Amino acid sequence: MTVFQFGAPSWMISPIVLPLTAGLLCFLFSHKTFTIALAAALANLLAVCFLTCQLLIFGPMRCHMGGWQPPLGITLRTDGPALLMLLMTAVTGLAITLYARGYFTYRIADPRQPVRHQRQQRYFWPLWMLLLAGLNGLFLSNDIFNLYITLELIGISAASLAALSGKPASQLASFRYLMVSLLGSLTYLLGIVFLYRSCGVLDLDVLRNFTAGGPGMRAALALMSVGLLLKTALFPLHFWLPPAHANALAPVSAILSALVVKGSFYLLFRFWFEVFASIITIPALNFMGVLGAVAILWGAVQAMRQQRLKLMVAYSTVSQLGYLFIAFPLARVDGGAQVWSIVIFMALAHACAKSAMFMAAGTVFLHLGHDRIKDLSGVRSSLPITVFAYGIAGVSLMGLPPSGGFIAKWLMLTSSLASSQWWWALVIMVGSLLASIYVFRVMSRFFVIPEGFAFKKPEPLSPLLEWPALALALISLFLGLAASWPLYILATGSTSLAQIFPGGLP
Amino acid sequence: MIYYILTLFDIMLVLTLLWLAWRLLGSEDIFKAVVLFISFGLLMALAWVRMRAPDVALAEAALGAGLTGPLFLSALRRMNRTRKGERRLDSDENRGDDHEPDQEQTQTT
Amino acid sequence: MITTLLYSLTGLILFGMGIFTLIIHSHPLRKILAVNVMSTGVFLILIATAYTPLGQGNIDPVPHAMVLTGIVVSVSVTALALILACRVQETSNLNLLGRKKQGKVPEESSK
Amino acid sequence: MSRTRNRHKRLDGFQRLLLLLIICLITLLCTILWTIPGNTPGLADAVARLQELSGVESPVTAVLLNFRGYDTMLEVMVLLLAVIGAWSLTRAPFSEQMKNTSPVLMGVVRLLAPLMCLVASYLVWQGSHLAGGAFQGGAIFGAAGVLMLVAELPWLRVTPARLLRIGLVLGPLLFVGVALFCLFLTGDLMGYPEGAASWLILIIEAACAISIGLTLASLFAGGRPAGEAREKYNPASQTCDEEGRP
């Protein structure tokens, strides 16, 4: 049968269908939900690895849904950037799945409110699986309206997950998150309307051929960008992010911070540098860069001022998202090929480091019962693995060698100097300095031994609570040492990059 | 001739829609706004028919007016019920309405 | 052509009115209503794009399918947002009550 | 009342600025819309050309369930997601009031609800050649359910939780199942085998209509199935600063 051949493009649907089915089954059955979810996460990782092999051998592929060709039908496609994002989602997702199991088991064992925690676990799995399916669908899809539906899928499940903890603060934040997410997707939809009106097609490959531009396409791109920026929480539109991420349950915070914002960012980046690259102007690129620079500094300053660990980590997300946008004005160097590696590296390193950090914060919280930074002393002796994971993740956020964050920042620095835009380099360095301040501020509390501290044998924590965070932190660290692999995948997939920018950007 | 009549009809419909939207978004009373929203949905169904989209018109009439309206009304009832004893102190209420004792009665009708 | 334009402009104005209300009003139900008006505006433009007068060719069914999809999505999101808004109010109310009674369980727990 | 209205209508500086900004933006978008030439072809011709292969006569149904069926599959998931989200939020089961059902209302419901179900089934069947289909039919199913809930017939409450879940998942699961089945037969996800398209579409539509109706009714009811344990409210846990631990 042709379907099961190694080179068949229909394998592409497995990262979507597997978590989707798992989500439905998790909702249907009340027992064994963790087993189903874990099986789906593992199978998803396997499928993505399989797709990577396929990509390395056969190059980029397209899969037409239902056999209908592009102008009418929906197309999925794999290429280097998409596969790296899928790999990021699969690896982080597997770690988060394991961590969530440990987290919920620990909390259900707490005799005070077992029913409530059981309910949280009961509904976490289907929501998380459907979110995973939505993310995979987003990275694979090549149809602009299909992307809208995956965005809605992600937005609704993310908002429901954010409200799961049941506290008033988290529900208020989640309501605001839902409204912002709706506003974002409606603006995006308005952009689709303008686009359909001027071009009459929805497929991204066909849209790329409309190089003439015109005011309709510009307006469409502007509207879609604003919608996606709202969902990505770039600086002036970031107001919803810290409360929503900091008040959620720890595994949910990890999902939201590491994966959900990356989805809309990836889309935005793809629009700017692939589909509509012909109508992008330099002032627009610089504008995004300026917003990114302000986000880096503002987020870092806010992170330094926070009193609670999870809020600090959430503001650090605002800051780190800024780096992704600083890459925009750097695209003028060497035909824009560099900018893809910068952004993908940054996204990979941040996803691993930030989810590790949120997991570590969650474990500290479970252990102490609070996350006030000033009362964190003595944690090192009771949770050494978690503190180690936090430290390594912090190294990656600061961008010290040999972490993945270092490679990304190094690429940024070299490109900004090569294109004689030294001011971006300055912002990057100051941002790293501020990051090291807020990371070390917490680190130093961990190592302080308070007066009269009697070391007692800590109650043993489940390994699921500590090891996934450490694994992710180590991945983010060694991403820098194995930098050639992602770059190789990226280069394989985007052979068409040279065609997109024949003579460099405008 | 028929062209002009149709255009006149379009203009009337559009103006009514805009006026309804204005009223429903600006009215003091949420209950009234919800009722206006239901009629807005029904008129919208008329507009869909005019635009030769009968599928959308059916869906709008069934979903927009038939289900969204009851959803809003039941949510409103539940909110009023929880608010009976205690009023929220933070900003989620209508701004500055802490001097309006009559608003509660109008909403519960 | 004039019909398409007329309805498109109406859709845009509805969208703008929705955004304004969404930002300035703080009542959750009003926000949800505003989002609904906004989405209706977008759908109106989309359907107007597909419109061709009777006897001048086929109607483009793709925007119709998109709008149907969009309507269903917006209804489900509206329902979820309404339930969330109710929960926000309930929990914060109960929270106030609980705080007033200094940790005693209120007799009517939840409804 | 007039006094409050006056105060309500007065806009402060930020709001005035916002209003101005939005008016400018909308005007700009209006002019852009004006300048777009109205002669872009769209996909009408492509649909008309392939209509015969789709297995249904109505172009909208052909687009929804055949040409762009993948969109619809994901969208059914969005609906289900709303129910999962709603159930994860609420603490209380479906409300249990069954007190003062007036005979008039009961009579109306007894007459209307079967009629609505009939209309809904007809709409689903009609979807293959005229206006109608799974969404419209499902919406009317949902409206019938809502009507029964308004009349305080506790049908959702007496439905076993397991059965309700099966009903909710039926449409989406069948959709995915049919899509995969077609993948094995023809090599394309949702590439219906020749001749079977109309039947498969009708099956999907019927299942989805039932699920959509149940979804909408349970969203209206705004609770969880009674089978699951009810939680006690503990304000002490809510007032502490994080996640239920003091």
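By letter and in written order, the chains are A, B, C and D; residue numbering begins at 1 in each of them.
Note that in this section a residue touches a chain if its C-beta (ideal position, glycine included) is under 8 Å from a C-beta of that chain, and two chains touch if they have at least 3 such contacts.
Since this is a predicted model, take the numbers as computed values, not measurements.
Chemist: Which two chains have the most C-beta pairs in contact?
Modeler: A-D
Chemist: So the centre of each chain is just the mean of its C-alpha atoms; given that, what is the distance between chain B and chain D in Å?
Modeler: 19
Chemist: Measuring centre to centre with CA averages, how many angstrom lie between chain A and chain C?
Modeler: 27
Chemist: Between chain B and chain C, what distance separates the C-alpha centroids? Give it in angstrom.
Modeler: One centre to the other, that is 11 Å.
Chemist: For chain A, write out the residues touching at least two other chains, lowest number first.
Modeler: 72, 145, 149, 152, 156, 159-160, 163, 166-168, 171-172, 196-197, 202
Chemist: Going by the contact rule already set, what residues in chain D reach two or more other chains?
Modeler: Chain D, residues with two or more chain partners: 29, 33, 42-43, 47, 60, 68, 71, 75, 78, 81-82, 85, 89, 91, 135, 216, 219-220, 222, 232, 234, 238.
Chemist: Give the residues of chain C touching no fewer than two other chains, as numbers and ranges.
Modeler: Within chain C, the residues that touch at least two other chains are 13, 15, 19-20, 28, 45, 49-50, 59, 62-64, 68-69, 71-73, 75-77, 79-80, 83-88, 91-92, 95, 97, 111.
Chemist: If each chain is a dot and touching chains are joined, what shape do you get: line, ring, star, complete or other?
Modeler: other
Chemist: Within their complex, state which residues of chain B touch chain C.
Modeler: Within the complex, chain B contacts chain C at residues 6-7, 10-11, 14, 17-18, 21-22, 24-26, 30, 33-34, 37, 40-41, 44, 47-48, 51-53, 55-56, 59-60, 63-64, 67-68, 71-72, 75-76, 78-79, 81-83, 85-86, 88-95.
Chemist: Could you list, by residue number, the parts of chain C that touch chain B in their complex?
Modeler: 2-3, 6-7, 10, 13-14, 17-18, 20-21, 25-30, 32-34, 36-37, 40, 43-44, 47-48, 50-52, 54, 59, 64, 67-68, 71-72, 75, 78-79, 82-83, 85-86, 88-90, 92-93, 96-97, 111
Chemist: For the complex, give me every residue of chain B touching chain D.
Modeler: It comes out as residues 28, 54-55, 57-59, 62-63, 66-67, 70-71, 74-75, 78, 96-97, 99-100, 102.
Chemist: Going by the contact rule at the top, pick out the chain C residues touching chain A in the complex.
Modeler: Chain C residues touching chain A: 15, 19, 22, 28, 31, 35, 38-39, 42, 45-46, 49, 62-63, 66, 69-70, 73, 76-77, 80-81, 84-85, 87-88, 91-92, 95.
Chemist: What residues of chain D sit close enough to touch chain C in their complex?
Modeler: Result: residues 11, 15, 18-19, 22-23, 25-26, 29-30, 33-34, 38, 42-45, 47-48, 59-60, 62-64, 68, 71-72, 75, 78-79, 81-82, 85-86, 89-92, 95, 135, 212, 215-216, 219-220, 222, 232-236, 238-239 of chain D touch chain C.
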